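Multiple structures follow.
There are two complexes below, and they share chain A, which is joined by chain B in the first and by chain C in the second.
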Partner chain A sequence: MKLEVLHVSKRFGQHLALDQISFTLNGNPLVALLGPSGSGKTTLLRVLAGLETPDHGEVRFDGEDIRRLQTRQRGIGFVFQHYALFRHMTISENIAFGLEVKPATLRPHPTEIQRRVHALLRLVHLDWLADRYPDELSGGQRQRAALARALAVEPRILMLDEPFGALDSTVRKELRRELRRLHDAAGITSLFVTHDVEEACEIADQIILLHQGRIVQMGTPQELWTQPVSPFVFRFLGGFSLIPAIRRNGVWIAGDPFPSQRQAEGWTLAHVRPWDLLPAKPQENALTACVESLQTVGPRLRLRLHLPNSHIRLHAEWPTIPGPFAPPTPGTTVCVRPVRLWVFPTTPA
Partner chain B sequence: MTEPPAVRRLLIALTFFLVSVLLLLPLAAVLIEAFRDGFTPWFRAIRDEETRQALRLSVLLTLCAVPLGALFGISAAWCLSKFQIPGESFLHSLLDLPLAVSPVVIGMALVLTWGPHSPLGRHGTILFAFPGMLLAVLFVTFPYVARELIPVMAIQGTEEEEAAALSGAGFLCILRRITLPNAKWALLHGLILSTARSLGEFGAVSVVSGHIRGHTITLPLLVEMFYNEYRLRDAFAVASLLTLTALLTLTAKTTLLRLSQRRTAALTCRKNPL
Partner chain C sequence: MRPNPPSQSVIPGFRPALTWALLYQAVVVLLPLSTMAIMAFRIPLAQFLHELQSPRLLAACRLSFGLSTLAAFLCTLVGGVTAWTLARIPFFGRRILDAFIDLPFALPTAVAGLALTALYAPQGMIGRLLAPFGIRVAYAPPGILLAMIFVSFPFAVRTLQPVIEEIPREMEEAAILLGSPPWTTFRRVLFPPLRPALATAFGLSLARSLGEYGSIIFIAGNMPFKTEIAPLLIVTRLEQYDYTGALALAVILLIPSFLILMAIHRLRTLRSL
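Entry: the complex of A and B
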């Protein structure tokens, strides 16, 4: 399916929730709408579903303006953040609802409805809970039921609002793989809202990163990591430190200049990822830093460092190498070398 | 529970005493007075032609007013709880108006609005006839259904309705299959309250009825009429009829409450088998 979003804006009172959003999706990708809270991602999803009317702009499904389509013809399967299962209906009644409310000419025969409901229940592994009510189910089970209900109408596009937000971390991980599997099985376009970078990167083909109602960057997870267009994108994706750097012979070099030198010689602040700040031997490009504290988290060693006689604090994350590797102790100094520095044209200090 | 047991017992006794003297005693007195001479005179009073006319009119008024009131109440509750509309708080306080204004005043207001000299009442018989009495009953029973529904519907939010709409359901289908089933206990509760009120309404109906014997007399009006004519036994017999319907309504309400709680309890049990 082709989804076109053209200059969509939406204002709530004084707050501009969406500001000239435009993008196009082709094929059947799994897309993450990613952004910090208040960035407009849920509003965008609701506009795409037709639950909110944009002040300006248009949303087109396969070239047709969705305002011209009846809700039924839009072919949207929507999963709400808190599932919104019909609480007075059993799970199978919930799933059958979309089929039962079809006009008489399009409605499948009751036995066919039952067959499809059971197929969907099996697909989401809930066939043993068919006759339970939503408030008898766990969060993860409700999420699966909501997914099955959304898929029952055979949508062209599946939309999920923070689908894993209310679940504990084990269930989250399990369900996001499930979503990937269901998406691939259904062969439709899927859009999900999330504020979790890891979640978006793990399952999405495309990420649309939103900030203050605008699209900051759109691309594959790899593109976002390797070609961030702004400091915001870089900072939103993961941890970082700021380090003074200067360009010499076409290469950025990190250092710790005297304050008086900074302005004069064109020093700037570069971003560096914790895992790009590696232990090194004392040499020209290495920095000497004091260890403030350190923690072992699984296979990683997290260090908080600061440069001697300066306010510059650094975060480093090293793999714990098997063998005779003695981790540094707090209070000692280590040599670190930034293997990759990110300098943006206008880096706010 | 920090009070000493003596104080606690005293308070409980006081409550029982007040409830008995202020509420139960007068009601019991009505029933006792009505049946003082046994069932036969009571039956005679009930089977009297005037009583039967009043009963028919009261029931007819209720049968018309309660469904209409429910319709208005549901639409008002829908608008106020599911949408952000301008003037919402004003509409909310407007809903309380019929409860706040004395029924007599409501009756007078209806006389002015629908009377023979007003532009609205000029074209037909509204006042001192069934339509006027229906308007009066509608006015006083209007808030009950809406006020029961609004908090329940507001808490439930609009997500289920949105989900139903995206599943392809139309407006009426959503109302019938999602919104009302979710609020059914509140709706029934509101219906019971408005039934009780429309059977028992005196003030407003009294003003607009014109007290036309054999035509515009409802049960409460009949009680007053018999009383003023010193037919005390008949007055008490009809009063006891009203009292019994009130008790019936209360029983229905309590049963409903039990039933709704039992469903919740059953769900809790199934969730936690222990």
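Entry: the complex of A and C
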């Protein structure tokens, strides 16, 4: 299906929650609405679902303005952050609800409803809990039930508000892949809200990154990582350090000038990822840094460094595979070489 | 920290708490009621039968139970709408309206009765407008109904309001997005969690209306067979120093009230209707 969002703005009192949001989705991608809290991602999802009316702009499904469509005709499957399962109904009654409330002419026969409910229960691996009430289920099971309920009405588009927010990390990872599988099985457009970069990158085809009610970048996870359009995008995606750099012969070189030279000779602050700050032999372009502390986290060694006689702190992350370098100890010095520097035109110092 | 045995509850002193609860019930509720019961057992059965045959009492009981049921029904309905408005719809002056709801609790009911009579008497502000259409409110059953609603309305609102506030708005939104029309959403999604509270609101309003005396006697006119409520008959007996008679009437009134409240409680705890 084709989803078009045209210049959508929404204000809550003094707060501009959405500021001229426009984008188009074609085909049936799995899209993450990513952003820090307060960036407007949940508001955007609610506007798309028709739960909030935008102050300006319009939302079109397959060319039709959703305000002209009745809720039923919009074909939205929505999963709420806290699931919003009907507590007085069993899981199978919850899933059947959307089919039972259809007008008589469109409503499937009761045996057909039962068949579809069971098929959905099997799809989300909950068939053994059909007659339980939501209160008797774990968080992950409720999430699956809410997904099945949303899919029961065969929506054109599936929307999920922070679908994994209330779950522990193991269940979270499992359900992520589950969502990807269900999305592929249903063959529909899906949008989910998250503030977790890893979550978005792991399963989404497209990421829409929001900040202060605006879209700052939209693209595949790959594009966001390799072509960040602003320091905000770069910083939001992952860890970084700021390091002085200067352009020499068309190449950015990191170093630590005397403070008096910084302004004069065109030094600027470049961003560097921890995993791009690799151990090196003393040579040109390598920096000598003092080790403040280090931790081993799984296969990675995390180091906190600072440049000698300077306030500049660096984070480095090295793989712990056996190599030519013995692991350093705090208080000693190491040589590091930034293999990739990111300089943005408007990098704030 | 001192480790707690697993069975210990968060609130300390289970025994003192239980003792206090039972003691309170015993002194405040059970003692007067059981005294009444014991005294009632001394009344010969013949007197009960004699009282029950009194057409005046039967007319008063019909009026009391009939109007109380109607009042409780209206209170639950209108109170439900009011509670919904207060819980869900933000509007200017909501807090003030919210505070006004409780006012009938604080007002001496006789004052309420006098005020209502002044308004609805044939010469009163509202009564004057209704009189040309032949509608009598004061000194007629509608006046009694009005007084009953006035005193029991806060019970209905205050019972329902917190329960409505507890129902997440997302429930409604979920139902709407699943394509449920408004009435179906109410009937299948919002009503079931509200049902116990609605039953309680009905029961409390009914009990309050049945027992109300102070405000009603001012507006009712108290004409035997027409606008005389059952509690008034008891007071009349007391004024004639006929304590046994008053007690007999009280028992006759209490037994059906108790049975009705029991039935409502049963209704409240059933999972499906």
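Quick note on the criterion: the second predicted complex is superposed on the first by the 346 of 349 C-alpha atoms of A that agree within 3 Å, B and C clash if a C-alpha of one lies under 4 Å from a C-alpha of the other, contacts with A are read in each partner's own complex, and residues count from 1 in each chain.
Simple rule for what comes next: contacts are C-beta pairs under 8 Å (C-beta built on N, C-alpha and C of every residue); 3 or more make two chains touch, one makes a residue touch a chain.
Since the structure is predicted, the reported quantities are computational estimates derived from the model, not experimental observations.
S.K.: In the superposed model built on chain A, check whether chain B and chain C fit or clash.
M.R.: clash
S.K.: State whether A:Asp135 touches chain B only (first), chain C only (second), both chains, or neither.
M.R.: Touch partner of A:Asp135: chain B, not chain C.
S.K.: So which positions on chain A get touched by both chain B and chain C?
M.R.: After superposing on chain A, chain A residues 49, 51, 71-72, 76-78, 80, 82, 84-88, 97-98, 101-102, 149, 152-153 contact both chain B and chain C.
S.K.: So in the complex, the part of chain A that touches chain B is made up of which residues?
M.R.: Touching chain B from chain A are residues 49, 51, 71-72, 76-78, 80, 82, 84-88, 97-98, 101-102, 133, 135-136, 149, 152-153.
S.K.: Within the complex, which stretch of chain A touches chain C?
M.R.: Going through chain A, the ones touching chain C are 49, 51, 71-72, 76-78, 80, 82, 84-88, 97-98, 101-102, 149-150, 152-153.
S.K.: Once bound in the complex, which stretches of chain B touch chain A?
M.R.: The touching residues are 159-160, 162-170, 173, 177-178, 181-182, 267, 270-271.
S.K.: Quick check: in the complex, which residue numbers of chain C touch chain A?
M.R.: Going through chain C, the ones touching chain A are 168, 170-171, 173-181, 184, 188-189, 192-193.
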